[in-house]
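This is the structure I want to talk about, given as structure tokens.
Per-chain numbering from 1; labels A, B, C and D assigned in written order.
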Amino acid sequence: MGITTNICTVLENSQIASGIYNLTVKTHQSADAKPGQFVNIYCEGKTLRRPISICEIDKNLQTLRFVYQVKGEGTKWLSRVQAGQSLDILGPLGHGFNVSKARKVVFVGGGIGAPPLLETAKQCNFIPDAILGFKSKDFAILIDDFKKYCENVQVSTDDGSLGYHGLVTELLKERLQSDCDLVCACGPKPMLKAVAKIAEERGVECQVSLEERMGCGLGACLVCVCKVKSGEGGFRYAQVCRYGPVINSKEVVW
Amino acid sequence: MGITTNICTVLENSQIASGIYNLTVKTHQSADAKPGQFVNIYCEGKTLRRPISICEIDKNLQTLRFVYQVKGEGTKWLSRVQAGQSLDILGPLGHGFNVSKARKVVFVGGGIGAPPLLETAKQCNFIPDAILGFKSKDFAILIDDFKKYCENVQVSTDDGSLGYHGLVTELLKERLQSDCDLVCACGPKPMLKAVAKIAEERGVECQVSLEERMGCGLGACLVCVCKVKSGEGGFRYAQVCRYGPVINSKEVVW
Amino acid sequence: MADLSVNIAGVRFKNPVVTASGTFGFGREFSQVYDLSKLGGIACKGITLKPRDGNPPPRIAETPSGILNSVGLQNPGVDWFVKHEVPWLKKYDTVIIANVAGNEIADYCEVVERLNESQVDMIELNISCPNVKQGGVAFGTSAKAAGEITKAVRNVCKKPLAVKLSPNVANIGDIAAAVESEGADAVSLINTITGMRIDINTRRPILTNNTGGLSGPAVFPIAVRMVYEVSRRVTIPVIGMGGIATWQDAVEIMLAGACLVQVGTANFTDPYAPLKIIEGIEQYLDQNVISSVTEIVGKVQIYE
Amino acid sequence: MADLSVNIAGVRFKNPVVTASGTFGFGREFSQVYDLSKLGGIACKGITLKPRDGNPPPRIAETPSGILNSVGLQNPGVDWFVKHEVPWLKKYDTVIIANVAGNEIADYCEVVERLNESQVDMIELNISCPNVKQGGVAFGTSAKAAGEITKAVRNVCKKPLAVKLSPNVANIGDIAAAVESEGADAVSLINTITGMRIDINTRRPILTNNTGGLSGPAVFPIAVRMVYEVSRRVTIPVIGMGGIATWQDAVEIMLAGACLVQVGTANFTDPYAPLKIIEGIEQYLDQNVISSVTEIVGKVQIYE
């Protein structure tokens, strides 16, 4: 009975960047949560829950932290929930990053892909590095948080309004000239594909966190599938919610 | 352009009896409102607005007062709206009571039928009387308000927990032995039918406020009809929202 | 500013938003709320040869994101309509669509003949009303019957003729093709889908008619699919409706193939819905630098 | 305490709540959330003769009070099902319903023959899946085709046989009557209604399959009406589903004529929905002093 829904209390829900919110809830689900896992949040009036990655886990305080961007109606509703109100959360769900065997991890986060990497960074055996890319300064998040757990935190923006003017992949290419045995990435699919290619070309393992539209969030309904390699040049559809959301990049059929 | 929707501000929304709420909003729609009219309130997530009678009109303060009972999902949502929040109201709608020609009006209110009678009582040329019936003490509302504008306010409850133990119709029969030239009634249909019969038998005019499930609230969609007499022993369907909600009892085909 | 006008069968609509039959009466009531000349058109309440009482109330029930109605074609008859309603509506600068219903083909034809002499701009043949015992939806659920009635009416009809299809069918494309081949100038869809609600306390249906027609946002994905299917089967214009509540919905169903949209149930949720939809479409076109609304019609790019 | 058990075609369900095919896999995942023995039964994901990949993602879109899905019968094939899933599910004290799909009648028969030797308690013939190119819904939209496939399968089927009907038809009563006369032990309805959504920014369908099947509360009034219609046409038990999300919905569709209910999309909104529905039904019966759930079946008192 590892997975439960819990009507938990919202401790904080406030805007931290343009359209991006920080949500902290008190829930016993923190006990089982692992970095890179996600939860499925019930949004009033919506048939489907919204999947949101776990950004930080505090087992002592029994809290989970999330960082989410308002996209459509569900996240808009979520952004209006106030501290003290309750929220119905299903989780923890899926498989997260596995950093236990790595010596030097480089995290690559694109935009709202940064959150799930933060807890993972905290749980590395050795101090990792991070490369975070954003559209612009207004959307930059979690930089100071990553600095707490990483040696080097490099930031890039598409418009140059903060840090390096360009793509995370350019910073990653440079970074991979020195020591690194695992890249963990989360962000838009084209970025993940590019990151995976760079890492694979250099023989570095790469784990990517995927996104797909979901139904049950548990693995039962088969709506959230992605193509993973299977057999000789073949593929099969695996559930992002259960087989993933984090998958070794070599398995993914892009 | 007499009818508008207005996103108005809620000044008060609080429970005044078991499951019954008092709602006051600030709106320019008060300028055109007449006693016995109603408004159609938008409830979030609901396709249909909820019709609620106007209980009091304050043209100076530009406010409308409503008293409503929580029945299903719409009114439940309404009961959670807080002072300071806004509400989308369509109105004022329909035709109310006409007391301008009456010398002595007796109001008969059953349960949540009492509210529309209050503003009407205020606007009588001569001081009226009122008979208010409730299921029990816990559901009794507006007694003190009616006392402000009425000479005699009699109260009955089904279980005897307050006032007369019995039905309003029994009190009405007694009351109609003395002076009265108009009965205005609002409440459940069986009560209205009984009240109308009593008044008509005594040759007293009777106006009743009807309820029916509504669509547009304007008279266009023809979903809210009631049978009114037409031709020789015939009937036609008239829109409660436009032809009513207040109708002379002699017109109604019960 | 984008051109919002649309031409269908020689009739010019100043914008593609029409209020749907049965939700807007003959316009009188809504004229108290806003100026009807702002609308692309008004599809009037369904009319029959003789006045009709309709079904006993309750005639409406709410459902998740929708409603059921069982009005049953209450209307004052075609003669009253032509004499009292059409001349009044003519004061406004908007297209008048008469919605015609009946029990038998002969009724439909007779109503249409009387409308020929009126000032209505277009006729919408309602062969899809689920709330009357005879006729109504029966004509709309077989391609043969739909073709026959279209043929008969086409013979007598001097106005542009749209046929309004029922969604209660296995293959709406077949029905659309049948009415096209018998001379319809346009098809409108969807009418309501038959549904039922029961009060679990009284154990009685909520509607005294037992069943009613489902409309509102709940049916929108079905409407989009049917408009898409029909617009790939016929070359005549498709008038799309069913659950349109926002300008985004209107754009979506136009991308699926609708030249014109009708807004029904949304009038109950917000009487200004049609005006907000017109404004929204205009802004969408301007923001996307599209010069005419006709350019988005059917432009969904499907996956092969 | 009311008796919640229901018998259909010799199969005893401890309560009338079954999880609907395709929303619950083979139970493994939900077994991490609660004890599957609490359920009346589990209708397993549709299985075919050979394993199937299904359609490319995205396979789901949200709609007002509903969803569209286009999974397209991804499944590991009947042999895997019989070997790995059924024995595992047998650990639980609940009825196992195998949901069978295919391209041709011969496929269906072959799958059923392999299931004959398994421990599944009942077979549900899915002749109504709108998300596959061949077969699927085609069998479900004509009474003739539905009757034929039922007849062929009935001949080889040694288990109690329910046939799952498509709502994408003009007259579901006719189809139900046809499958009854060819030997079905029960009918289940409704499967999903074909719908479509388009992203107005990309102008592409949200589903890579272009269209998908609508389910969830939006379709509930349609399901109630169809269950009502079918239960008046046939004497075999009706298994009702489509948008059931609360115990009130379950009671309502049972009043309309369903002996058993299936809960699908609601599992996504709340994984505990089936358990809450079981509890709610029990309380409703107790409060109304009804000793057995079977007493409410079909007890709607319609208006004449």
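Note that in this section a residue touches a chain if its C-beta (ideal position, glycine included) is under 8 Å from a C-beta of that chain, and two chains touch if they have at least 3 such contacts.
All figures in this text were calculated on a predicted structure; none of them were measured in a lab.
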| item | value |
| --- | --- |
| Chain hops separating subunit C from subunit A, counting only touching neighbours | 2 |
| Among all chain pairs, the one with the most C-beta contacts | C-D |
| Mean-CA-position distance for subunit D and subunit A (Å) | 36 |
| Computed distance of Cα centres, subunit D from subunit B, in Å | 47 |
| Distance from subunit B to subunit A - Cα centre to Cα centre, in angstrom | 56 |
| Rounded Å distance between subunit C and subunit D, as computed from the means of their C-alpha atoms | 33 |
| Junction residues of subunit B, two or more chains touched | none |
| Residue numbers of subunit D (touch at least two other chains) | 61, 63, 65-66, 216-217 |
| Subunit C-facing residues of subunit B, complex | 1-5, 42, 46-49, 88, 90, 212-226, 236-237, 242 |
| Subunit D residues within the subunit C interface of the complex | 61, 63-66, 68, 141-142, 168-171, 193-198, 200, 202-205, 208-211, 214, 216-222, 224-225, 228, 243, 248, 251-252, 255-256, 284, 299-303 |
| Complex contact set, residues of subunit D against subunit A | 22-25, 27-30, 32-34, 45, 53-54, 57-63, 65-67, 69, 71, 74, 216-217, 265, 267-272 |
